[in-house]
Structures are given as C-alpha cells and as structure tokens.
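Sharing a structure below in structure tokens format, with a few things to ask.
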Amino acid sequence: MGKETRIGILTAGGDCPGLNAAIRGVGKSAIIEYGMRVFGFRDGFSGLINCDYKELNEKSLSGILTLGGTILGTSREKPFKGPELSDEESILSKPEKIKKTYENLGLDCLVCIGGNGTMKTAYKLYQSGLNVVGVPKTIDNDVWGTDYSFGFYSAVNIATEAIDRLHTTANSHKRTMVVEVMGHNAGWLALYSGIAGGGDIILIPEIKYNKKVIKKYLENRQKGGKPYSIIVVAEGIDIPLKKDGSTRNYSAGTYISRIVEEMTGLETRETKLGYIQRGGAPSPEDRIIATGLGEHAARLISEKKYGLMSAYDSHEIISIPLADVAGKTKIVPVDNPLIKMARSLGTCFGDTLPQE
Amino acid sequence: MGKETRIGILTAGGDCPGLNAAIRGVGKSAIIEYGMRVFGFRDGFSGLINCDYKELNEKSLSGILTLGGTILGTSREKPFKGPELSDEESILSKPEKIKKTYENLGLDCLVCIGGNGTMKTAYKLYQSGLNVVGVPKTIDNDVWGTDYSFGFYSAVNIATEAIDRLHTTANSHKRTMVVEVMGHNAGWLALYSGIAGGGDIILIPEIKYNKKVIKKYLENRQKGGKPYSIIVVAEGIDIPLKKDGSTRNYSAGTYISRIVEEMTGLETRETKLGYIQRGGAPSPEDRIIATGLGEHAARLISEKKYGLMSAYDSHEIISIPLADVAGKTKIVPVDNPLIKMARSLGTCFGDTLPQE
Amino acid sequence: MGKETRIGILTAGGDCPGLNAAIRGVGKSAIIEYGMRVFGFRDGFSGLINCDYKELNEKSLSGILTLGGTILGTSREKPFKGPELSDEESILSKPEKIKKTYENLGLDCLVCIGGNGTMKTAYKLYQSGLNVVGVPKTIDNDVWGTDYSFGFYSAVNIATEAIDRLHTTANSHKRTMVVEVMGHNAGWLALYSGIAGGGDIILIPEIKYNKKVIKKYLENRQKGGKPYSIIVVAEGIDIPLKKDGSTRNYSAGTYISRIVEEMTGLETRETKLGYIQRGGAPSPEDRIIATGLGEHAARLISEKKYGLMSAYDSHEIISIPLADVAGKTKIVPVDNPLIKMARSLGTCFGDTLPQE
Amino acid sequence: MGKETRIGILTAGGDCPGLNAAIRGVGKSAIIEYGMRVFGFRDGFSGLINCDYKELNEKSLSGILTLGGTILGTSREKPFKGPELSDEESILSKPEKIKKTYENLGLDCLVCIGGNGTMKTAYKLYQSGLNVVGVPKTIDNDVWGTDYSFGFYSAVNIATEAIDRLHTTANSHKRTMVVEVMGHNAGWLALYSGIAGGGDIILIPEIKYNKKVIKKYLENRQKGGKPYSIIVVAEGIDIPLKKDGSTRNYSAGTYISRIVEEMTGLETRETKLGYIQRGGAPSPEDRIIATGLGEHAARLISEKKYGLMSAYDSHEIISIPLADVAGKTKIVPVDNPLIKMARSLGTCFGDTLPQE
C-alpha cells in the first residue's frame, strides 16, 4: 500500500473574491475524494519560503465558500526576484528554501492559486523540479489560457452597481461622470461593467482613443437632448506625458475627467472605485468557477499530472501547460463580439464615432 | 431607394429580469445601426392579435437597461391554442388576426422574446408565412440550443442569496433547511444555486433520488458533527402519489421537508422562494446576455435571415433554426461537469452516497 | 483588591441578524472597558442548564460584527416549562440546574439576549435570585419598552427588496401579488416594508380588515387604470374558521390570495417570504443597535444594576426593569404616524377606503 | 366654494437617494388627500427662475418611490447669490423672477426639498413674502432641527458595504486601509458607517485628532497580533497646511494614508468612495423618512402653515420654523452616545488611546 499523498496550497498576489472557495475546492476534494493530506501555507510564497503552514481538514474548510479574502493570507512575495538585484545570494536562496520546505513536508505537489505573476513563479518552481499545479484568479480576467478566472464576475458586479449609482447623479445634475475601474493591461472589467452599466463611452487599453472623438461624441449627445454621460475608463489606458516629458501624478480617470471638462465645458465628476472592487464575498458565479478550478487541480494531482493550470474552456474544465501560460497576458481582442455589439447600440470606444 | 424596414417586437410568457435589456438591444441597434422602425406590441401575443402597439424610439428605449419586468407587458396568451378545444373557429382566428396586424403595419419581421412556449409559437408563425426571429429568455435556462438564456443568472443570484441566509439559521438552530427553487423540467437553477450556496443535498428532476440515501446522508452528517444541513430542491422533482392514488396538494419542497423530518427526526424547516426569483433588476451578466441576444436579432433581420433564434454558443452569439428549437427542452445532462465536481466535494444528489 | 467580575452570556429563541454584534458589544466592552471575564453558553438556556460553555476573549469576538446567526447557537428551550406538564420534578429541576451552573462558574451576572419569551425567562431567573440583564432582539420589533430591537431593520430590508421584485412581475403581468411577511402578534414588519415597498394594501393584526373594502379598493384601482396591486400581509392577521368550525390548514397570505381571486376575478399570486427574513448579515443599522444594546448591558453590570433590560428610547440607550417588560408585547398603535401618513397617500389598511 | 390650492415643488442642491420618494410623498397626499394641484419645477431654483415646470399627477408620481436621483432634476443654483458680487442688478433679478413665476402660476405655496443651503434660500423666499415649506434631505445628516434627513441611511449602507469589502483585503494582506467618506462639516456618515463597519479608527471633523495617538494605536494593534486596521475618515477633517503655508492639493483620506505609512511603516492603501455614496435607489428607511417628511409638508400647506420645515423628532414628524434652521449645521456632539459606546469597545477617535 502506497503512502498518503500530501499537497501544499497557497494564495499569492492581490486578494480577490473566491480565493477561499478555491481553497475549499482543492482541499475538500483532495481530502474527501482522494484521501490526501492538505497543508496551507501562510501569506503566499512567504509561507513556503519560511515553512509557515497549518494543516487543513474538512472542518477548517467548512463555511468558507462565501467568505471574501483568503484564510491563508497572501503577499506580493516573488521568490525569484531578490530584494536587491545586486544581491545574488538572496536571489538564489529563496527558491532553495522553498525546495527545503517542500521536501521536509514530504509534499507530492504544490497548488499555487494566483494571477499572471503567480503562474510565472509556479512555472519556475516546476522547472526547478517541484510538482506544481496552478489555479488562475484575477479580477482582471487577464490570465492567458482560460476563459474565466474567478474574481472577475464579482468585480463586474461591484463596478456595475457603482455605475448604476452614478447614473442617477449624472441624470439629476446633467453631468458627465467618469468612473475609473481596475485593469492595467486588459480592459475586460471596463468592457463588461461598461456594457452592463450602460456606459456611453468605454475606454480600454486595447483600443487607442482620440480626444477629438470623445469631444464630438459628447457634443452630439448634448445636441440630441442627452446632457448627461457616463464614461468608463480602465486604469491602464495610455495617458500622454506632460509637455515637459514628465509623467502625470494622477490617474487615467482624472486625466480623462480633466480633458473632458476642458474640451467640452460640461460639468464633469470623477470616481475611482479602487479597492472595493476586489473585496467582499464572491458572486455566485465566482464561487462556482473557483470551486470548479480548485476541484480540477486536485483531480490533476490524483492523476499525477503536473506543470499544468486548471482552466475554463467554454463549459469544460480543462488543463493547459504552465509553460504556455507563463509570461502571457490575455487582452481583449479588438474583434471581441461584445465590442461589436456595443458599437451597434451607439456606445463609443473613443476611436470612432458611431455610424461613421 | 428602398422602403424603410419595419419590425415588431413582443415579450411573452412569464416575466424575467433582462426583458427590457433585450427590448433595448433589439430596438437600439435596429434604429441606430440599421435605421429601422420598431413597433412594440403590448402584453405578448395579445397585443399582436388585437393590434395594440406603440412605436419605440431611442428615447423610449433609454434608461430601461436596468429595469426589471417588461415595458411592453407580457401575457400567457398562446394564439395557437383556442379558448376551448372544441371551438375550431377561434383556433384559427387568432393567427389570422396576427397576420392582419402584421400586414396592416407593413412589418418586415417580428421579434418574439420568450421561453420554450414562445419559441414554439414563433416557429408556427414562421411556418404560417411571417418573418420571425426569436430571442430566448427564461430563468430556468431550459431553452434548447443556447448555452444561456437571460434571466437565469439573476435567478441564480437571488436563490443563492436566499440559501446564504438560510445557512445562518440552519447553523444557529442545528436545523435542516429545505429550500424549493423554480425549475419544472430542468434543474439548472437548483444545480447552480445549490453549488454556489454550498447546499449539502441538491435534488433535480434529472436525477432520481432515493429516500434512503437522503436519510443515510443526513445521519452521516449528524454523526460527523454537522447537525445542520441545507437541501436545495427543484420544484419539478418527482414526488410520489398518495397511497390512495391521488396527487399531493403540496409542493416538492414540502414533501421533502416532511419525509426528512419523518425519517430522521431532525428539526426541519421549509422555504419556497416563489416569485421573488423572477423579479427585479437583471444581474450585470443578464444585461450583457440580453443585450447581445437582442442586438443579434436585429442583425439577423438586417441580413434578411428569418426563422432563426439568437443563441449563445460559448462566447459567440450565433443563430439556430427555430425549427430545431421548437418543442424541445434543454435539461441537465447527468454527466454535467458541475455535478461531477460537486460530488467530488461531498455534495449528495439523492442517488448515491459520496464515496460509495 | 476585589475579585474579577465574571459574566455569562447566551442567545435564546429564534435567530436573527445582529446576535453576534450584540455578543461582541457585551463581550468587548466587558473585557476591554471593565476587565471582566466572559463565558458564552451554547444553544440558549440549554447550555446554561447543562453547563455547556466556552470562555470568550477579544480574539473570539473579533470579526463577528457582520456575521449572521449566532456563534453561541440558540434553542427554543424554556427552562420554566417542563417537557411534559405532568412531570413536576423536571419542571423544577431545570432552574435548579441553572442555579448550579451559575454558582459553579462564580458568575456575577447573566446576560440574556432574546425576544419576549427570553425576557420572561430572564425575569423569572432574576426573581429566583440570579443577577440578570436582558438585551432585546427580534425581527418583529415587538419587545415592549424599547423603540428598536435589533433584527428588525435587517428584516425590513429583506422584505422590502422582495416586494420590489414582486412589483415588476405585478406590473408586467397585471397581477395582484400577495406577500406574507413575519409578524404573529405585531404588524411592524408588514407596516414598514409595506410602506417602503409601496404596497397598495397592508394588512396587520392590529387593524381589523373587511373583505368588502379590499374588493372595492382593488376594483377602484382596476377602474383607475392600475390593473396590478401589491398586498402585504402579516402572518398573524385573523383569518376566519371554516364553515364547519375547523381551522384552515393554510396561512394568512394564502387565505387573502384566495379570497381576492374569488371576489375580484383578478389573477392573483402568493409569496411567503419565510425564513429568509431572519437570516444573513445584519444591516448597518442593526449592527449599531445591537452593539449599543450589548455595550449598555456590560455598563449596567459594571454598575451592579440588575434585573434590567437595555432599551432604546429615541436616540438614548436606557434601561428598564425586566419586571415591566415580561409578559408584554409591543403592538402597532392604531394612531401610529406611519399609518396616518400611508392612508394620506392612498394606501389601504383593509378597514376603510381612502377618502371615505 | 374656494378656489383650488396650487403648490410648486422643487429639489435643489446635490442629489441623494429618496428625492423621488419625497416628491411622491408631497404630491400624492396633496392630490389624493387634499385635492391640490402640483407643479414640479425643473433643475432646482433654475426652474423657478425660468418658469420651467410640468404639472404632476398621480400617474407621473407612480412607480418613483424606489428610483434614485430626482425626476425633477436639480442644480446648485442659488438665487440670492449673483453670478458676480459686483453685479447688483442680477442679484436682485433672480428673486424677482421667482416671484413672477410664483404669481403667474397662482401658487399658494412652494415646497423646497434640499439641504442646508436650500433651507437658507427657502427662508429668504419666505421672508420676501412667498409661502414656503421646506423638506430636509442630505446624505450628511447635518440639517439642523431634524433627527434624520433622508439620504443619510442609504449613504450609511453604501459606505458600510464598502468598508466590509475593504476588511477582507486588509486582513488578507495585513494592510492598513484608509477609507474617505463624505462629510464636510459633520461626521455623522463616518461615525455611523465606521461603527457599523467595525472601523478601528474613526476621524470626524468634530474631534481633533493627534497624529501620535494614531501612531501609537496602530502599533498597539500590531503588537496585539492584529496587523491590519481600517481607518474611516470624514472628508472634512482638518489637515495641516504645507510647511510653506500653502494648502495641500489632495484630500483628507490621502493625507491620513500618507502620514500613517510614514509614521508606522505599515503598508497602507486609500479608497475614496466619492459619488457612489449619493446615487442609486433609496434604502427602505430613507423611503419611509422621505415619504413621511414629504407628506407632512402637504399637511402643513393644507393647514395654511408656512415658513416651516418638516422634521423628525424621535418618531414624531413635527415642523420647525425655517428661521430656526437657516444658516445652522447639525454637527456630532462630542457626548454623542455612539461615540461613548464605540470608545468602550476599543475604537479610537484619534484624540486619546482607549483606556488611558
């Protein structure tokens, strides 16, 4: 009779709704279905480096499905990046410490729950000889290779609710309301919440905007008897340098708000949603996605399949090599059907006016 | 120069969140993108029979994206079913009246937004010579041929929130809480909300349950130190006739609640969510789905493609023949990945105990 | 130097949102402000009878402010009511067991968090010689002597949201929707949620309704172009016996729904909100009310004031003798300003037609 | 037989949840109970100046109870402040135009719904000879003379939900999260949402904070094993000038966030809730408060009582002279029972450490 299977699990990078659902998904199926033992590392890769962990059991995994945040804690620790680039020794030592923890605990596999950065680290650990499985999370939905990462739909709900609220002020005061949502590289959140919230202009990093188009579009609305507008801005859109070549010390939303008021004279107000987008209980869909991705990771381990990431492909849960994921970002394709659809309803993406 | 294109639009069957988003999706793209004129019929097929309509414009379509219900009204009117089966004349007369309305208004196409029953009627109208396009809605998600119908995710949200609430009472009182959700033929809503809400037992019409399995599962939980349980029941599961052969005058949830208390002696309480599952503002995702399906319908008309229904196939919006849809129901396949996943976490579907 | 003060705490009766906030309010101020030790009894008076408890500290009280239910558990155990009326011995023994627990733990006071029944028991324990302080909770808001009991506003929020949802179905289908909310003796919840939700008819136990008034009111709405109505019914309104003198085996909401359909011929649907009204996270206001009432209880103990209940009197937190509370119910006075206000806007309470 | 009574109604100042509920409260009771005619002016005092209005009837007042914003529109127009202080003529002309509108429409009274600024204007109009009644609204709850103004509880709900979300990120990342809520002069919103959200430090304009106390408090938490904290900041707290005597070009929340990180070295993040605090559907309680205050205004007019404002005094709706309200602000008294209560649970208000 073989020895029991032991797995480690950690959550790394920014927190997002569904982390606990994913931990539960991995852990419960590992314990109930496959009879494994599960060790949770504290605060992302820091816990792995410092061998800081607690064993998880059915009881500690019960009741966490709906909780926001992560019971394991998280951190921005990147073990393959040293504290100082010049300190060669420390660059090497963290991965070595990780290896030691892995071996001391007798782990058969490590489950890394995180975003793009975490998948990159997970892949490096796999290359270094550890068995690793990845589970993708991110409110940005920009992990390559999976239709959905959990956290995204919760963030869409929060951002859409905020846009709904801004609508009433926009209408009552005849104002232009600019709302900045998260999304450094990818505009998924701005796109989904912008469409769901009925945004008039949606600006995402993937589509280059033209100030004059924005001006003209808002003026046309004004002329058409709509003296209020909602502009949804992803935080990662390009904003120009100052004339002196320095970067602006304010965000994309503030920039758009300023130029809109300047160009059009319309009363404009800005809201930056900030951290509320990543906190709180996961939406029902994120609970399902997180549970599914987590459970699949345990299944992969039970089949001794490593170096993979759980992923959604339409309604199937599949796995793809970490090697394919690491270092990539899933951005919004310009021919995304939602963009086409929104244009057809008169939404402006800053590049062209509707019906030109 | 050709004449303008004129389309009619109606919402039929039970109301659900997203109907207004779909009306807006059809109407705005028809008007803005294709320059069509749009006529909205009141109260489903009744408005079509009685030529009761109002023309819709950009203004009347503005601000309705987030509103629950339908600005057009709806009804259960089925024009191909007479008031009395023996009254042959009236069976014929309603479709004739519809044809007259269609011709008098000079319509080029009719958009029917509704569920399975509506798609069936839409197909019959198409067979009778009218140009028709269908848009699928239903909180049950049981329209054949499309991954999603709008209304479903809103209902999942409502049902999940209710299950979350019942958890606190179940835990505090050590009770078994039975919650009955909608779903006559298909268990999609029970399945999704049951998993998202962490239901311990989920009973759906597609999986035959065994009373003894339910009894044993609850007793095992009790023994394992979990003296509380949540049972999610689709209203359409089979419940046995009374001993005298008559049907029971109570619902599936009540039946399960009674036999659980009887079999196990556990304190059991029942909640029937009822109509709150189909009311209120649509969830962000339903707004997107409804807008997408609606916009696609207008696109089909612009391409003179009729006899079709807008449908989601993964992330693409496609069209499928009404002929393929009519008369079918999309039930939950027994090998659905979510069922497999939930079983692996210890959820019971009433047919077998976990790990047997 | 005097000995430390030790207090016991329990939650009894039906669970409701805010119980944990109240436990935290008592416990944190007892520990932080007054240096007391706090013992939590499990499952209401059962824990007190069976000496089943755990000591609470700052850590175990942290993070529970927002949690629904009660971390201590609750039960319907009434120690002054025997299991069988004939079993005189056991009637006496439970209070004796309680006294033993109280003395063995060296308690200086017992905090009883609960509704009317719990305050009655608390008073009896006080009469029997124990130091007792009460904290009122109830979603019904019917505890005598306090403006608010926590749980009420959370229930108002849930019921109002449900009524909001029913409105969209009522309007879309031109239906009469009957919604039954909790409230056996007092109509506070029906009154508040009925007004907040824009109910057309509100029926509460304190106002005798007349079937003919309901009929006439609905017919007037119908004639006035409003073919939809919302009727909010408290579960405790009187419904007549059957003709054979037996009681009806259905609820007040079902009764009203049936007679409305019968009398008016209007399509009528019923929803019974049930247990979702008492579950889930407390509303912000209930968190404040519960914390305030709990903190005041600790303050009373620090001042050696016993036999009292924390209470809200406008914006002040005061205390009133349990002797005054026990055995009473706070019902809605017929001259309540909200009733007068709602009548003036055309709301019907079933007794008279507006403007008669 | 006397002539019909005609009233005007307007909403002025910043929008907030419940404005439509108040319009409906005034209008429905005026029409249904008192048989008055009701004229709604567009965009606050602008509509009154420019005689821009529409008559309201039962139909136009139906279904607006739950809508955010204001169907009448609002503006910051202050008729007693000229566009330029030197332009004496225009200073006089706006009130004259208002008088003309009032007389031309044959109004018997004007209902002004707004905050402190609006009540001041209302009082000036009353002094100038018009019949005026005021209805207080504000999310800041700082209108003098009334316990509650509608908008406040909705804002408390939104801010508390945001704080709940920030808690999960604070805990998962061991961060200090600073959240800035509205409140220029009064800290009601920060106080209520801070207590309801379990804020560790609450800073309000009424209590002078000491940087060193904040530093020490956070360090004590850190030492006590709580490496995360929530700081709730009212936007109106004093922040010091720069060393060069100039004002800082960032907000109170940013200032606190910076000094916390500087003083303690703790990872700190800031969120500014902004406009989402004043948008969206009113909470059930605000619907009731708004309806009650509005209905009372109509009642006052029916009794020919002018120069008054509807107000809440505990559970009674009363009226107080506009003369008493105008120019005052209701700030949080330092002996407010909630502050005392929160201190007793260990909350810090920046002035002293708990238990010093």
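Read from first to last, the chains carry the letters A, B, C and D; within each, the first residue is number 1.
Just so it is clear, contacts are C-beta pairs under 8 Å (C-beta built on N, C-alpha and C of every residue); 3 or more make two chains touch, one makes a residue touch a chain.
Bear in mind the structure is a predicted one, so any value in this text is a computation, not a measurement.
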Intersection of the contact lists for subunit A and subunit B: none
Gap in Å, rounded to a whole number, between the CA centres of subunit C and subunit B: 35
Inter-chain centre distance, subunit B versus subunit D - centres from mean C-alpha coordinates, in Å: 42
For subunit C, residues that touch 2 or more chains besides their own: 164, 171
Inter-chain touch pairs (all): A-B, A-D, B-C, C-D
Residue ranges of subunit D touching subunit A (in the complex, touch as defined): 11, 14-15, 17, 19, 43, 67-70, 73-75, 158, 161-162, 164-169, 171-174, 177, 269-276, 278-280
Of subunit C, residues touching subunit D in the complex: 24-25, 28-29, 32-33, 59, 62-63, 65-66, 147, 153, 156-157, 160, 164, 171, 192-193, 195-198, 225-226, 283-285, 287-288, 291-292, 295-296, 298-299, 314-317, 337-338, 341, 344-346, 354-355
